[in-house]
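Heads up, the next two complexes both have chain A, just with different partners, chain B and then chain C.
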Partner chain A sequence: MTEIAQYNFAYLDEQTKRMIRRAILKAIAIPGYQVPFASREMPMPYGWGTGGVQVTASVIGPDDVLKVIDQGADDTTNAVSIRAFFQKVANVAVTTHTGDATIIQTRHRIPEERLKAGQVLVYQVPIPEPLRFLEPRETETRKMHALEEYGLMHVKLYEDIAQHGHIATTFAYPVKVEGRYVMDPSPTPKFDNPKMHMSAALQLFGAGREKRIYAIPPHTRVESLDFEDHPFEVQRFADPCALCGGTDVYLDEVILDDRGGRMFVCSDTDHCEGRRAEGHRGHLAGEAVGA
Partner chain B sequence: MYVAVKGGEAAIRNAHTLLADRRRGARDVPALTLEQIAEQLALAVDRVMAEGSLYDTGLAALAVKQARGDMIEAIFLLRAYRTTLPRFGYTRTIDTAAMLVERRISATYKDLPGGQLLGPTFDYTHRLLDPELAEDQEPAAPEARAADHEAMPRVSEILAQEGLIEEDGSLPEEREPGDITREPPEFPMQRDLRLQALSRGDEGFLLALGYSTQRGFGRNHPFAGEIRIGEVEVEIDVPELGFPVPLGRIRVTECQMVNQFKGSMKVPPQFTRGYGLVFGQSERKAMAMALCDRALRAGELGEDITAPAQDEEFVISHSDNVQATGFVEHLKLPHYVDFQAELGLVRQMRREYEERRAGAATERREAAE
Partner chain C sequence: MTLDSIAIEGGFKDPVFDAQTMFRAIMQAMAEPGTVHHGIALTKPPAPLTPEAAGVALTLCDQDTPVWLDPALQADEAVGAWLAFHTGAPIANTPADAHFALVADPENLIGLENFAQGSQEYPDRSATLVLQVASLTGGAELLLEGPGIQHQARLSPRPMPRHFARQWAQNRARFPRGIDIVLVSREGLAALPRTTRIADQED
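This part shows the complex of A and B:
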């Protein structure tokens, strides 16, 4: 362990943590507003969760219990890597159980289990600016936020409806926070958007490469953008989870063979395992138990 | 089957063990020493120091070795180390006029005080592969002479005596130089911050942008006023002592580009400047940086901004290769949750398309009957 003795608790030095905590406090004070911060180079690449890692490193303490998921799963490679990083540099307890975690760092999903007061959900964000693909310039988009000028976004959603009959955004679906800022929820499927609304947990978003932090404090209104005659809808799946039989969950499609065979399983592995432990069974549960 | 789509700790561990094995290569070949890398691959080490923004040949050599010669990976390794270092203070501005020059050329004057000095350059070599280098051939001893103490004023200063070139940029009294590694960038940027970003920017990216200005995308009529490479003293003020203390010497490459400017109602016609400064020996980078710096001053000089190289947000936001490689390569990470969402949408849209087509076919048939 001598080689890590040179690093501070949770890797970042205390000055850096203070700077990041200030940004987080400002973000909490202005829900949905993107606060610039002096993002550091981290020992993992930009785009691989450096923003989330910096936020987690700044809020984590020795008594915290950390869960890290990627695509809803605890055992995806990058989640394994980030969890191992915090075990090494902060020596904190880790868990895969959503209910036991005090801090959950995530990429692309919100756990199925309802989060509680006292929990912190840290999102890894690639492009924090919801208007970026409509206007590539930061100088312009900051102005648009300041003036609450979100017409362009509504036009985009309207054009979707005109062309396809419905809004053709399936993930990173824009939301309005507390009636003011339009915010990118990170590339979570829109299925997860309703979970952000009035959540009891604190939600923090870190974008390392783009050097932005934003937040949704507990019990904050988060509304997905829509139109009265085209209300927001989440994805629905025809089949229940093949392993646990869950229906109101987000599913991953797993290809079984080269003849079109496929099954749908929970993307949230902890939720799926919990349901199976309670005795729920999907139609392929028998075959997959060994795996 | 289900497990196959998930990674695991064992898989990561095994991959890294294999990487270490491949890095070492065949065991009957002697391992490279850091001294060999620092001495014989010095320009690779220089590039890693320049874009890693850390002047330490030993660590840069280690990074090159650890990265198996992958420059951007080595730069990343050095950056990730640099960011953990405490900041004791900021040095005084280096004085490149007082440089111990090893190379100095000007394309604007045939001769000038201090003379032209070719130094160790690839220029005018014929790019013929040298079979003798495959063996450990002792090279001829180079000609050497004692450093003379003749002043070697910068070409920009010579031009400035006649007022033919704009003033060297200077910071306003109240402004401390910024630090892009400690403050998030804001656009529009001040030139001091922009130059910092360019100095650690990717050599290939700046080269392509500089080249694009020469080909007419934001042309700025450059002359290589002067390029000099050599060692400069680095000094720091220690408040308790009341005088600057030398920390050591670093090798830098400086390029002063002299560019045209028509003048305006307020300013008489005079030459303008583009400036490049990088750690180590890298003329290509310093020159490309100077071209980009000048192009990015378009707004300040009242020129039309029409080309990519003149677009500050475009250039600076995309010049950092550690950021760029991270984000491009993050596409390797699993995206199956989002892909699933898109898959569902495409299937739905195809269903709707088929239904519309079937509906139209029925209508046509009914109309025909």
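This part shows the complex of A and C:
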């Protein structure tokens, strides 16, 4: 066993951490506003959560317990590699249990279990600017945020209704934070939007490639944009989870064969395992687990 | 002791972990205004800079962040020398240039509007004030509301800048521009981000 290099605790050098920490504090003080920061190159490509990793690295300490999820699952590539990264460079305890974690880094989901005070949820964000696909110029979107000019976003949602009869945006559904800034909640399904509202946990968002950090403090109003005659609604599922029988959870579709067979299971693997440990069973649980 | 040895001694014992502990306390204080956080990593700065305020400076300040010292701290050049050695932060000549302001005498602080407020486009380019208060209790009670506070929070720091409630309401009215405050005392650390409202207690 030869160690090639010794890194500073949590990989980043101290000056970088200070810079990110200052950005985090301003982000908390101005909820929903995107604070520019000097994003560093990380030992993983952009798009793999470099923003979230830098935020986590600046916040984490030796006493923390880290959970990393990718689309709700603890055992997918992105989650496994980021968890291994922090075990190596920060030697922190890790867990898959939502309730045991002090810091949860997430890609595109919010855990089903209600988060507690003191927990920190760190989102990996690809495109932090909710107006970017409507207005490509940063100078313009910045001015729109400065003037609180969000008419364009409502036009976009209105066009959804004109075309489809309902608001067809299903993920990265724009929210308004504390009645001021319109914010991209990262590509979480809109199913998770209500969990951001008045959450007891601190929510931090890191976009590495786009060099932005933003935040939602605990107990902060987070409203999904909508219209009086087309109120915001979350996805509904016809069947419960095929493994744990859970309802009111976000489900993933799994293809079972090449004849159209499929099942719907919890996207949040920890939640699903917890329910099965408590004895809940879905209609496919026997075969799937026993096989 | 010579001036030089005062400047060199008294930093964090363990810079990496002390700064992390301290940052978490500041972050939680900022996220939950009105709550008091302990577990402060102590430093031994020259008076009148307190160990708690110096800890905040060592955690957040470096060569990128001009620091303004109030007249009480400017009076002793050992303070500036100590900060220069431990953080590398330049001393700001005017409050408007400062990213951080360290204040030993909050009662006689100049108006909050003199500090950098950020711009409408970049409200993050605003000052963070670190006020050394004698105590977080015993002063006029501030009833706090806003993001990070479930219902209401109470904090009674003393002493505070003159006409603080009115000054703070003006700061709040400038949102998203405005300054943020970190209060430090021997009892711990609390914060007032610009989103926090001080409720009217007239009734």
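The rule we apply is simple: the second predicted complex is superposed on the first by the 285 of 291 C-alpha atoms of A that agree within 3 Å, B and C clash if a C-alpha of one lies under 4 Å from a C-alpha of the other, contacts with A are read in each partner's own complex, and residues count from 1 in each chain.
We adopt the following convention: a residue touches a chain if its C-beta (ideal position, glycine included) is under 8 Å from a C-beta of that chain, and two chains touch if they have at least 3 such contacts.
On a predicted model such as this, the values are computed, not experimentally measured, just so you know.
Contacts of A:101 after superposition on the shared chain: neither chain B nor chain C is touched. Within the superposed three-chain model, A:73 lies in touch with chain B and out of touch with chain C [touch as defined at top]. In the superposition on chain A, contact is made by A:171 with chain B only, not with chain C.
When the two structures are aligned on the shared chain, A:31 is found in touch with chain C, with no touch to chain B.
Annotation for chain A, partner touching more residues between chain B and chain C: B.
Of the two partner chains, chain C is the only one touched by A:18; chain B is not.
Contact with chain C, but none with chain B, is seen for A:220 once the two complexes are overlaid on the shared chain.
The contact surfaces that chain B and chain C form on chain A in the two complexes overlap at residues 36. Remark: chain B residues 1-3, 5-9, 11-12, 76, 79-80, 82-84, 86, 181-188, 313, 317, 322-323, 325-330, 333-338, 340-345, 349, 352 touch chain A in the complex.
Across the complex, chain A is touched by residues 15-17, 19-21, 23-24, 26-28, 30-32, 59-62, 64-65, 99, 119-124, 126, 128, 147-150, 175-176, 180, 193-195 of chain C.
Residue ranges of chain A in contact with chain C, taken from their complex: 8-9, 14-15, 17-19, 21-31, 33, 35-36, 58-62, 117-118, 142-143, 145-147, 178, 180-181, 202, 216-221. Those residues of chain A whose C-beta lies close enough to touch chain B in the complex are 6-7, 11, 13, 36-43, 45-48, 50, 70-73, 75-78, 80-81, 84, 107-109, 126, 137-139, 164-165, 168, 170-172, 187-191, 209, 211-212, 235, 243, 250-254, 256, 265, 267, 288, 291.
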